[in-house]
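What follows is a structure written as structure tokens; I'll ask about it next.
The chains carry the letters A, B, C and D, assigned in the order they are written, with residues numbered from 1 in each.
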Amino acid sequence: MSFSKFHEECGVFGIYGDTDIEPARAVYLGLYALQHRGQESCGIAVSDMGVIDFHKDMGLVGEVFDEASLNKLKGQIAIGHVRYSTTGNAMAENSQPTVLRYAKGRLAIAHNGSIVNAKEIRDSLAESGAMFQTTADSELIAQVIAKHRTKTDSIEDALVSAMPSIKGAYCVLLMSPRKLIAARDPMGFRPLVIGKLRNSYVVASETCALDAIQAEFVRDVAPGEVIVIDSWGLHSIKTNCPNDDSTRRTCIFEYIYFARPDSVIDGINVHASRLKAGELLAKQHPVDADIVIPVPDSGIDAAIGYARGSGIPYGVGFVRNNYVGRTFIKPSQQMRRESIDIKLTAMSQSVKGKRVIMVDDSIVRGSTSANIIRLLKKAGATEVHVRISSPTLHWPCYYGTDIPTREELTSNHNTVEQLCELIGADSLGFLDKNSLGELVNAKCKNYCDACFTGDYPVK
Amino acid sequence: MSFSKFHEECGVFGIYGDTDIEPARAVYLGLYALQHRGQESCGIAVSDMGVIDFHKDMGLVGEVFDEASLNKLKGQIAIGHVRYSTTGNAMAENSQPTVLRYAKGRLAIAHNGSIVNAKEIRDSLAESGAMFQTTADSELIAQVIAKHRTKTDSIEDALVSAMPSIKGAYCVLLMSPRKLIAARDPMGFRPLVIGKLRNSYVVASETCALDAIQAEFVRDVAPGEVIVIDSWGLHSIKTNCPNDDSTRRTCIFEYIYFARPDSVIDGINVHASRLKAGELLAKQHPVDADIVIPVPDSGIDAAIGYARGSGIPYGVGFVRNNYVGRTFIKPSQQMRRESIDIKLTAMSQSVKGKRVIMVDDSIVRGSTSANIIRLLKKAGATEVHVRISSPTLHWPCYYGTDIPTREELTSNHNTVEQLCELIGADSLGFLDKNSLGELVNAKCKNYCDACFTGDYPVK
Amino acid sequence: MSFSKFHEECGVFGIYGDTDIEPARAVYLGLYALQHRGQESCGIAVSDMGVIDFHKDMGLVGEVFDEASLNKLKGQIAIGHVRYSTTGNAMAENSQPTVLRYAKGRLAIAHNGSIVNAKEIRDSLAESGAMFQTTADSELIAQVIAKHRTKTDSIEDALVSAMPSIKGAYCVLLMSPRKLIAARDPMGFRPLVIGKLRNSYVVASETCALDAIQAEFVRDVAPGEVIVIDSWGLHSIKTNCPNDDSTRRTCIFEYIYFARPDSVIDGINVHASRLKAGELLAKQHPVDADIVIPVPDSGIDAAIGYARGSGIPYGVGFVRNNYVGRTFIKPSQQMRRESIDIKLTAMSQSVKGKRVIMVDDSIVRGSTSANIIRLLKKAGATEVHVRISSPTLHWPCYYGTDIPTREELTSNHNTVEQLCELIGADSLGFLDKNSLGELVNAKCKNYCDACFTGDYPVK
Amino acid sequence: MSFSKFHEECGVFGIYGDTDIEPARAVYLGLYALQHRGQESCGIAVSDMGVIDFHKDMGLVGEVFDEASLNKLKGQIAIGHVRYSTTGNAMAENSQPTVLRYAKGRLAIAHNGSIVNAKEIRDSLAESGAMFQTTADSELIAQVIAKHRTKTDSIEDALVSAMPSIKGAYCVLLMSPRKLIAARDPMGFRPLVIGKLRNSYVVASETCALDAIQAEFVRDVAPGEVIVIDSWGLHSIKTNCPNDDSTRRTCIFEYIYFARPDSVIDGINVHASRLKAGELLAKQHPVDADIVIPVPDSGIDAAIGYARGSGIPYGVGFVRNNYVGRTFIKPSQQMRRESIDIKLTAMSQSVKGKRVIMVDDSIVRGSTSANIIRLLKKAGATEVHVRISSPTLHWPCYYGTDIPTREELTSNHNTVEQLCELIGADSLGFLDKNSLGELVNAKCKNYCDACFTGDYPVK
């Protein structure tokens, strides 16, 4: 279910240009491909011969930018951002990139993720007289960098020296008048990749954004690494990098739900990972049935995996209405039509009189699953067997995902059997949490599965 | 390919209310479900104790209507329309329903389809002093009805007596202050169905719109039938109905592409019809391959049919970007990125090193197919075998579909072999036009396949 | 008081171009100068080599048109309209010019005034099958012309033959693909003038619009005259013209309030007419006082006249807030601040401790006058003597002005003495209705003063 | 000329509420009355039981606020701002009030005027690591205060201790969660007054804003004074106040042009001051003529003064178009119509054949005057004698007015005689700069006339 279960957690894209594509337009294309990571607001900042300008607003990339606004964003360097607020209120002023002035000039910043010790940093800065105009982490990171900048020789040194005091999951893009700088937190929670388009270097949250501009994938940014791209080319600063890969904690949920299926994160194909989850599910929770259907769109890959693993035919069980906007008006109190009813219609022609295996990526509160199962039964399915391509969710995420509180997570209140009954399924199976490593071919546990296990890498 | 190949051809929805749902909100839900039939403009008109009001504008249902505009549309009867212009310019004033005043009061009209003899009717009316404010057929139909109304006792009689002079494909909804009237042309080109929600009668272009408000399907409106719904209930006038079903000409393209897969038209499941097309294709054009993938979304059902028919595994070959708006800005002339590239990304993880069967619903100009095949090859597909779930297109449609001119239809200039080479496919197979009847279990040829055969039911 | 007392009654402007100004831009400038005649909606239609296009919307000229919309309006002929609805609802579809298609092609129409027998004409047309999409008189006039066009050789002949059946006050501009046609009703209620700009002929509601494009004034259109401007130049058709000027009934209220003071109507300077009214008032209602102040802006000219006539110094008694928009939000129910308080502030520095003569153009309901007098007294005026530069209003206007019903006109319920007490004035004097002729140097009564006298020229 | 000669310089309004008017609505009314001081953007911030919220945007008060936005601004304290940018770019993010977070909580700030040593302060703050998100002085003042707040016990003490380091002309309103604080710079360049509405204290830029909410005038804020209004009432802190009134430098241009004529600044009536200027002009530059006319609206008061002083009749020479919006489209390059032509029309009925005295407030570049005189001559004036109610302008203003550079001021390049010829006048007279004191009954030179004399009170 890609509709609203999780609010996704921002995406960044930057380019230091030396090609026939205008940087702002490259960012525009890249953000389009990263739109699934944030639909609330977006923005692009450019540096034109050292002069920084920007355009940002609430809305989708296709709404915020038009020919006129892109034409104004001339420049040689550009960074962009799509946002769904994880921290900070949903206000236009919290949209990114944030452009600031400090002692050494102007600076644009875009980041995703979540700073765990934001309050401590904010209080400490305020005590020395700092003022904040927004509640966004990006303003916070910028102020920390500005503080460090008074004691260092360059903006990248300021970033490197500031990183140890910033705890949490983050990818940061900085654009100074003449440089594009990128950093990934030392645990590498969120993905960040380097690409190349002729002589231009590109940095993006996911490889699908490289594909969008036909850039070739170079490599992942390493956890803790700082990348500097300027007229001299690309440089790497590894001061904050751990010694080996064992401390890396790539978010496993990126593979399960967040990332686009055509992206490759830290060497692992997302689509392949989801197919694998489906195949594992077929082994762990087999059931005799007539058809395997996905909850569109996020269950599609795992459903195909389950069909392949089980030999039961894959089918389409729902029509998804592609025209549902962000506001939906309830028809009346008496009728109590759910928003889900207008988004999904169960296709009785597929499921009538059949035993159906319905594959989804996760269950948060359970109410959406209950609604969807009701649709299937009403459409004539004789049995609905629910298979979830991830383990039961028990813990909130402090690293940039808005998985709700423990209270709200239905798996903290119900056994799988209880939940099965609650949502009206005929059987219910989750991926075994010990299988998670198989999704990413992990030899050591170099991924974060805290939302399933409570095993948090950072306090 | 659901993006832009054909501009779809309007949808209508009407309700004569007697339930706990407000009629305007029922229409709102119904139009949401019919949005695939027209995205240019939409509107709703209501009659409140005999007083007709309306709201319409350019845009999607979710954009044009909000809580405030729906609240103003109080009433007991309501009709609505989603439009893609087939005739008439794309102007706000051509949006429907059209509300007019004539000798007997106000009248709201919404229609889909296309009047073949529009020019003749227009000229004849103009010669007697009529003026036209729009280029829309709905204004034309209304004027014909108004002319006939001066000689008849009721609005439905005026409609019945006007119908023989109106040639072409049309479904019309009329709302007079106290009645809801619906008519389907005598050949029944476009679908029109009757539903019931408690004591309320509903008329809609497709059954999926009945499902959207949980109304039950009653029956199809018969070709030539006029339905009158008022405080006395539902009445049928069969004056213009042919004697038997043999002259019915339901548009076969509704099954292949236009209609939503969960709709049932003239007794035939659309989804089932598409599965059947895929299965037939597998028999008619078998090929040894590794994976069957659809061009999303319109090729999905047929691809599943092909996979089932051939035994070759079904898979996902493309990621579709759900956030592509109606305007897309080209990055630069040099780069020449096509609009298709931002909408679809080929998933190399699925197709790399594989022999791929790609299923789509039709080929019009061929350029989109060429682009998509290029994406697949670039993503590593070793072979791309294209299978089209309809025959080759040769003739324009005069009945409400904007299939382009003969010049533009690539199949008029190329043999299948030439076209295969042109689009860069390794093999290409179309559904045999003699199989079309199998899609709809036809005993006699009670469907229109003129776009494939040139066999036009009306001159 | 220019704020809202009367809704003004539309203005028209047309040009048949042959100069270096683009016709649409000339109309734009002309409409700007006529904006005081209607602020609800406006529009411009152009004919470009016979192809008619238009742009119109709700709002002021400066809001509806911008560089882009004007650039699209290429053409050699153009007509425009500013509207305040006198008949027809305040809807975008009722804005003008109205563009229609009829047997002979396209036609654009713009008119001001009011058709007295609109209902009869509408019923008669409807009985023969006509449909109406708006409630506007312009659609009605167009349909009458279209009817007549079937029996005549040219659009101008159709207009000439239609005019006798149209009763009331009107000025009409028609634009056919190749001609600009103008007509003034046979009684000449509303002004209409001809101007010339190099080789281009211009027709406009007031001379101030000629000045706006620096065109020279040629002459007034005569009552009943039809003017045709085409590639052959300007032609006059006098079929419907009365024999002499004695039946002309120019609206006297145009001089008192509606027209811009710099316009000249039927040979009489509006500003001079208002000065004269002030001078007459000074003679008819002298009073001992310290200062003469106008109610801005409509009382300014008469106040200067009064000051000159009486020898009492002219002064500024109010500051008018030029930034008051069309919506004003009341601060709270308890406080009961009137809209007038934000628009006008009494200047205590001018009036404190003084005996004030306040000059205004008319009193409709009396409540605004009462509010303004209260402001003056609160600002310290010891006496407020009100002088009104027109007689007491007693009758509604059927010729295009929205003077309210007899019920609402306070002078139908109160003697001048009662009204004086009601509004809190120390004395109150109206212009003697027998003096009206002096305002326009009338030898015979060739003006309409029905709103003062009930002496209606048309039933 | 009130159109565009000078961009005016912001206005502030604050209320600490204890009445039946809602504070946000009081500010709304106050800002409406101060709109002449800034039309670019406006905003209101409120504190509701200690929680600060705000709404601000580009546009006029009547455009930015509506019923819905005002309803959201609940609270007991409110401050507002109208802005025309004197420093800082014209961007939405520079609009005020600015709301910030610092060590002690939230703070809203609104100011007018101009900080002379802004660059020094900015550099000094930046060196210690401060970041700036805007170019506005208000952010600068806030950061200085935040710095001082770390060393003081209260926000008002921080303001008092910060003031000596801030050089220039400014009035500041601060709103902390529980207090309303106001300060006027020690030289008192810009006006700031205290009013009272029942138990509520009000602070505003001009007395006309007190009148707008029917508050009574209490007194001017003294130069250097800090006013604190909280639940204990109003307190005054005079730490930064000079010993006597001799160092006060109220801007003389407030009297000549900026302020609304109904305001009273530092004890002097603005309207009276302008009448006086007109009377002085009549004595200093008498001429034999037939009529005295103002350039509307800013020349009206002085023209009346001139008429009274000279005995020559006052008249109306121009019609001002009240509907001219902020964008005006030029008709064509060839025609070269000036923007002024659409705003003002010379009234030939007033000036034809007459010797005219035209009174305006100032001449900056001379081009507007030349255009206006051209209009008068074209309308038939035989002579145009220009009288300016201020001395010749020679020096830029560093205190919040955007008087242009010395280069652009025509009086730095031309003698009065040359200028007279340049603008096409028959005679030209400016107010003697030695008379300026008479406008404000000055005993010592307690006003700033640097723009006329170059005698700057602050370097």
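By our rule, a residue touches a chain if its C-beta (ideal position, glycine included) is under 8 Å from a C-beta of that chain, and two chains touch if they have at least 3 such contacts.
All of these numbers come straight from a predicted model, not from anything done at the bench.
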| item | value |
| --- | --- |
| Smallest number of contact steps required from chain B to reach chain C | 1 |
| Furthest chain, CA centroid comparison against chain D | B |
| Between chain D and chain C, distance of the C-alpha-averaged centres to the nearest whole Å | 36 |
| Approximate Å spacing (C-alpha centroids) for the pair chain B, chain D | 62 |
| Junction residues of chain D, two or more chains touched | none |
| Which chain pairs touch, all of them | A-B, A-D, B-C, C-D |
| Interface residues, chain C side, partner chain D - complex | 2, 20-22, 25-26, 28-29, 32-33, 35-36, 39, 60-63, 65-67, 70, 208, 211-214, 260-262, 264, 269-272, 297, 300-301, 304, 307-308, 313-316, 319, 321-329, 331-332, 334-335, 337, 341-342, 345-350 |
| Contact footprint of chain B on chain C as seen in their complex | 93, 98-103, 107, 123, 126-133, 135, 139, 142-143, 146-147, 149-150 |
